[in-house]
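Each of the next two complexes has chain A plus one other chain: chain B in the first, chain C in the second.
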Partner chain A sequence: MNVAVMKTKSEQTLSLQAAERIPTLPGDKDVRRAREAALAVFEAAGLPHRRIEEWKYTDLRALLKDAASVTPQRSSDVDSKLFDLTGTKAATYVFVDGRLITKPKDHTIAGVTVASFSDEVSKNPALLAIELPETVDAGARSVIALNSALASDGAVITIAAGAAPERPIHLVFIASGAVAVRNVIVAGADSESTVVETHVSPTGAARQENAVSDVTLARGATLHHVVRTEAHEGSAALAQYLVRVCAGAHYKPFQLTSGGGLSRQQLTLTFAEQHASLDFSAVALARGAGHVDTTLVVDHAVPHCTSRELFKTVLDDRARGIFQGKVIVAPNAQKTDGKQMAQALMLSPDAEFDSKPELEIYADDVVCGHGTTSAELDPDLLFYCESRGIPEVEARALLIESFVGEAVEKIENEALRDALMSYATAWLRSAA
Partner chain B sequence: MLEIKNLHVKLADEDRVILKGLSLKVPKGEVHAIMGPNGSGKSTLAYVLAGRDGYEVTEGDIHWNGESILEMPPDERAAKGVFLAFQYPMEIPGVAGLTFLRTATNALRKKRGEPELTTPAFMKLVKEKGDKLNIDIEMLKRPVNVGFSGGEKKRSEILQMALLEPTLCVLDETDSGLDIDALRIVSDGVNALRSKDRAFLVITHYQRLLNHIVPDKVHVLADGKIQKSGGKELALELEKAGYAGFTGKAA
Partner chain C sequence: MAAVQETIDQVKKIDVDQYKYGFETKIESIKAPKGLDESTVRFISAKKGEPEWLLNWRLEAFQRWKAMTEPNWAKLRYSKIDFQDLYYYAAPKSTEGPRNLSDVDPELLKTYEKLGIPLREQELLAGVKSSRVAVDAVFDSVSVVTTFKDELKKAGVIFCSISEAVREYPELVQKYLGSVVPQSDNFYAALNSAVFSDGSFVYVPEGVRCPMELSTYFRINEKDTGQFERTLIIADRGAYVSYLEGCTAPMRDENQLHAAVVELVALDDAEIKYSTVQNWYPGDAEGKGGIYNFVTKRGDCRGHHSKISWTQVETGSAITWKYPSCILRGDHSRGEFYSIAVSNGYQQVDSGTKMIHLGKNSSSRIISKGIAAGYSQNTYRGLVSAHRKATGVRNFTNCDSLLIGDKCGAHTVPYIEAKNSSAHFEHEATTSKISDDMLFYCMQRGLSQEEAVALVVNGFVRDVLQQLPMEFMAETQKLIGISLEGSVG
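On to the complex of A and B.
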């Protein structure tokens, strides 16, 4: 039975907003036409809902009851404490409500170019289009289409072949309302670089962010891609990472997501050529009525690639954590080596963790495995710590931080690792 | 002085009664051994002294230095000087040994009104105490007890004891799983801590450990009560005759 689905209130608002905004967004008439076409794709599909398998646990039709309004761009008066990465010497680009407002004073880094998406898309309309692999689900396609319709800015980063900049490139996205940002990252052959994204909003702001990062690693490239996202109560952060990895390249993402609001971090990665690897670790922290969703699709389309994933989720109060990890091994992708682990620490009996690892293996000479656990803090370990004089509150914090620390440890840049661990610790120790 | 008065303990979740009127006094400066067959309540006594959840004291009291410790949480007891060397020390993945030791040392110093140790001072102390127990600093950079052998775990317990400077040391089957060499290292570590200000309660199943840690008194615990007390020679008698006389059956 095919029934036309009624549009939800937020879908209607999103359509109206988009129709109004598109003429004001960067790009020539070709871009405008492409945006309108993308909007039509979104309008046909609507927000992802529970009948789309990949969005079963994150039904945006139900969760996004109201579409946030578009906030006019605020002043450059932003609180740098929201995104500080002291000690990392990062070159920081700050985007407020979907517009680049500050560049680093010393922004020339050898081998690195960072341009604004709004400038680039005006010069090159083709930049708006993203080629989506088949592994992107229908819900994500709709969200990405909405992003194409509305993307106002973002960063276009090019790392030159062979370049190995020491300083991380730091993109900061602060928003108070509805915003769509688009990043394009191209890591040149044999380069090694670190790109950090920080997605935050002022406390209390009804921010709804739709971020898409289009990432390509050329042969032999190594990209450390560190993302920290805060979605506090009443705000939502949706992110799609589309990653294509060429021969011998190594993609090393780390994600720290925290909050009492709604977040969905979805990474779709394709091994396009052999001998490449993915080393992904992530930490999700939620309390209150927080909803943190980490979804991953790895397509081992070719032989001899390695994927490693470690996900740590800490849930308190009524928070809900979702982990979906699909690994597809194509019939010819022999010698694939894939291992996945998702662990949740439940601090409250009312919290919920839904874990859905999926292995689709069509080749016969592969090593693939996955594991998932969900547990409370071990009372025996707590007693052991307390018997050594460590007060219960501190003992709990020590054990939770050690749980999270195992994933944060994967960040190779020491200053960056310390900074991310500090954010995780501060969040864990902040009052509920 | 440790004074246990007519202690009755049952499991919190079950009706099973484990200690049935245990009384015991251990003055400061003395080492007392508790020996007994399996299931006599030895480990329960150790856990109840340290304040572990899951036990219910239905009668009696435990005084340490004239003060009841029964209502205190484990960390408060530790601050009062109580230390339990575990029969099975816990592994804590993700917490480096040094971090754990420093957190515990400074938490106790804070509670005892002493200044926290600086990192260099702490490292010097760990190295000094660790050397005596054959514990390399590298071993302490690894997560607490993870991947340690039985002997390494027991040595790490004694190192904690040496660093935390307790005044009431309860050793729960510290000899289990130790070979002769490890037994000597651990015993030497314990003996080095013997002093007139410290009381020891050494719980063991075998007499072997008491050749190395020579007790002032030996108590036989069976069926939840102290059945007999005597000098160190009592341990030798038990080694010969077994616990049969106290339980009515061969142990």
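On to the complex of A and C.
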């Protein structure tokens, strides 16, 4: 049945905005042509909807009532409290409304180059195109196409082979309206580095962010990729991470997502060569009418790779948490070791948690497992704390923080770990 | 370890791909004309002498079916089924007229004897409590005979073919038919509603514990036919019934369709235990032939404290598409699903369950064991959901898959939806191959490799086997042995 689907209001607005904006975006006429082609792809597919299996629980056609307007570039006086990472000595790059506005004063770190996407794409039109693996679903393809059409800026980070910069590279994205961000990270052979992303908006702003990160880890590289995203009520944050991991490389992402708005963090990872690993942990915190979606596809395309995932979700009020984790083990990917755990803590009777861990296994000599749980705070644990003289409010906070802490602890950089934990704690305590 | 030894012996006796039940009974039969249209539906209804309301019900289902498309979301690959190239009704000629064991065609009796199904009612030996099972035997489109009917009647239990129930107890059938699986529930359920030919009907009245195990044995015999049976089981308040189902078919090169619907209704405090040993012909070593098994099974825990338990052992069929589910409507109701799905050769299994928690404090448990060997694909697909108002619900799910050989696949696709905070859901799944350490341990104790594999596999599925009635347990262990034959190494 081929029924012409009515365009939703937000789809129409997005199309109009895009047609208007494309001529103003960075890049030569080749880039412009590529952007127009990408827009056509998006327009044909539309926003992802529940009929696309991977978007069953996050129906953007229904959830995005209208597209946010594109705000003009604002001045550089941004509230640095929004992205403070004191103690981490991070080199911070601030992007406001899709444009790089501040670089760190001492921005030369040995072995690291950080360029702006807008500059790079003007020099190299090929940068706009991303080769998508088969494991990327139709909905994500449409969102990525929209990003290609509209990406205005972002960071292009190259870590030289063998480099091991101590300082984390911190990318801050602040937006008040519609914005499309594109990051490209290439971790050179045997390098070890930390990239932190902060995605926030000034209080009250209705931001709609569409971020795409194209990440490649060369042989033996280790990349700690920490992302903190806040999506306030009325705002939406969509992020796609496309990661390719080469031989012996270790990708270690951590995500902290919080808010009462809509967010979807989707990671598509491919083990391209053997003996590589993924160690992923994430925390999602939502209240109000918040909608937090963490989706993950790990493709064990080759033998001898290891993947570990730990997800913690805390839901209050009418918030809805979604976890989808698919692990594919290709026919020849023997000796694959995959473990996944997704847990949700529901603080309000009206909260909802939908979980879909998935295994697709075609090789026999593997060890794969997943687990998922959802429940309210354990009254026994609460009672135990209270019987030790801890007031109920305090006891609850303690238990929730320890639940979340298990995932945060995976961050290896101590100062960074403390900073992220305090963001999580502050958010949790702000409700009490 | 006697049982395990038995399994191994069984395996040894039988060659690879030797499907034990693959013979064909030469018997004259009456068929509906090939193909499906409204006249086919009318033909079947007329053949059974059905009342007007049922014919209309069938026709309505047929209209709905015509507007539906085949589901394609399952991890199954098969050539398109031509629904016009099938016989929708086939009955042995001899079954027309009065049905009493002495009237049954001896050829048919021989068939069942060969299958090991007792159709002659055994007498109780004085002082010996032997287990007896009442059997409803369904051959192609009709029920051949139902045993122990009189004895069951004494207890108040109605056990007969559904055609007979339509004649004898129309008010019960009309009340419950389609109340769990509506006509337009899904493509295959709609097809079944339009053309279902026979099946079993069980009604256990209030407070009665059914005195013996009930069972139905399904046999497809005729060529190019589909089997569309419909089973309806109702356990009234406080009643208990245990029901077994078995199925086999001859070996043929073409694929045959089996699309059944099973509806269970458990009222307050009632319990239904439904066990299946599915052993349809799985196709040959090259994946040629075999039964396409598209089945809708659903239980409705309508009353408080009611319980429905599904146990299934799936070893046959080329394609299995089957999700026995529980709608836990009553407060404190309980649903259970125990499954062993063994696939070998080119078999494809996409099976699992749905536990839909609507009642407060309802609980469910899912234990699923998938064993994939050869070139087969074995998928567990399940849903556990808690309604917003269903407080205090519990679920525990455990699905394990075992892979034997590197050409097969095992997949897990669970959906877990908690719509309120007091729902406690736990889900765990693992996939692995038989550990070399385990095999080595067994073999250094003197077991051959094949024996060691059988031992480990039997241990792996033990949780589920224990849920089966005694008679089936031994049978099942044998079946698992057969299905895995030729998969070692």
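The rule is short, and it goes like this: the second predicted complex is superposed on the first by the 431 of 432 C-alpha atoms of A that agree within 3 Å, B and C clash if a C-alpha of one lies under 4 Å from a C-alpha of the other, contacts with A are read in each partner's own complex, and residues count from 1 in each chain.
We adopt the following convention: contacts are C-beta pairs under 8 Å (C-beta built on N, C-alpha and C of every residue); 3 or more make two chains touch, one makes a residue touch a chain.
Everything numeric here is computed off the predicted structure, so don't read it as measured data.
Bringing the complexes onto one copy of chain A puts chain B beside chain C with no clash. In the superposition on chain A, A:E394 contacts chain B only, with no contact to chain C. With both structures placed on the common chain, the touch criterion links A:P349 to chain C but leaves chain B unconnected.
Here chain B and chain C are compared by how many residues of chain A each touches, and C touches more. Using CA centres, the angle subtended at chain A by chain B and chain C is 70 degrees, rounded to a multiple of 10. After overlaying the two complexes on the shared chain, residue contacts for A:Y384 are found with chain B alone; chain C is out of touch.
Contacts of A:A236 after superposition: neither chain B nor chain C is touched. In the superposition on chain A, A:I169 makes contact with neither chain B nor chain C. By the document's definition of touching, of the two partners only chain B reaches A:S402; chain C does not. Of the two partner chains placed by the overlay, only chain C lies in contact with A:T373; chain B stays clear of it.
Legend: residue contacts after superposition of the two complexes on their common chain; A:P331 is shown touching chain C, with no touch to chain B.
Distance between chain B and chain C in the overlay is 14 Å (nearest C-alpha pair, rounded to whole angstrom). Here chain A touches chain B in the complex through residues 379-381, 383-392, 394-395, 398-399, 401-403, 405-406, going by the rule given at the top.
Every residue of chain C that touches chain A in the complex is listed here, in rising order: 69, 73, 388, 391, 401, 403-433. By the touch criterion given at the top, residues 1, 53, 315, 331-332, 334, 344, 346-376 of chain A touch chain C in their complex. Those residues of chain B whose C-beta lies close enough to touch chain A in the complex are 50-53, 73-75, 77-79, 83-84, 86, 89-90, 92-95, 99-100, 103-104, 107-108, 111, 143, 160, 164.
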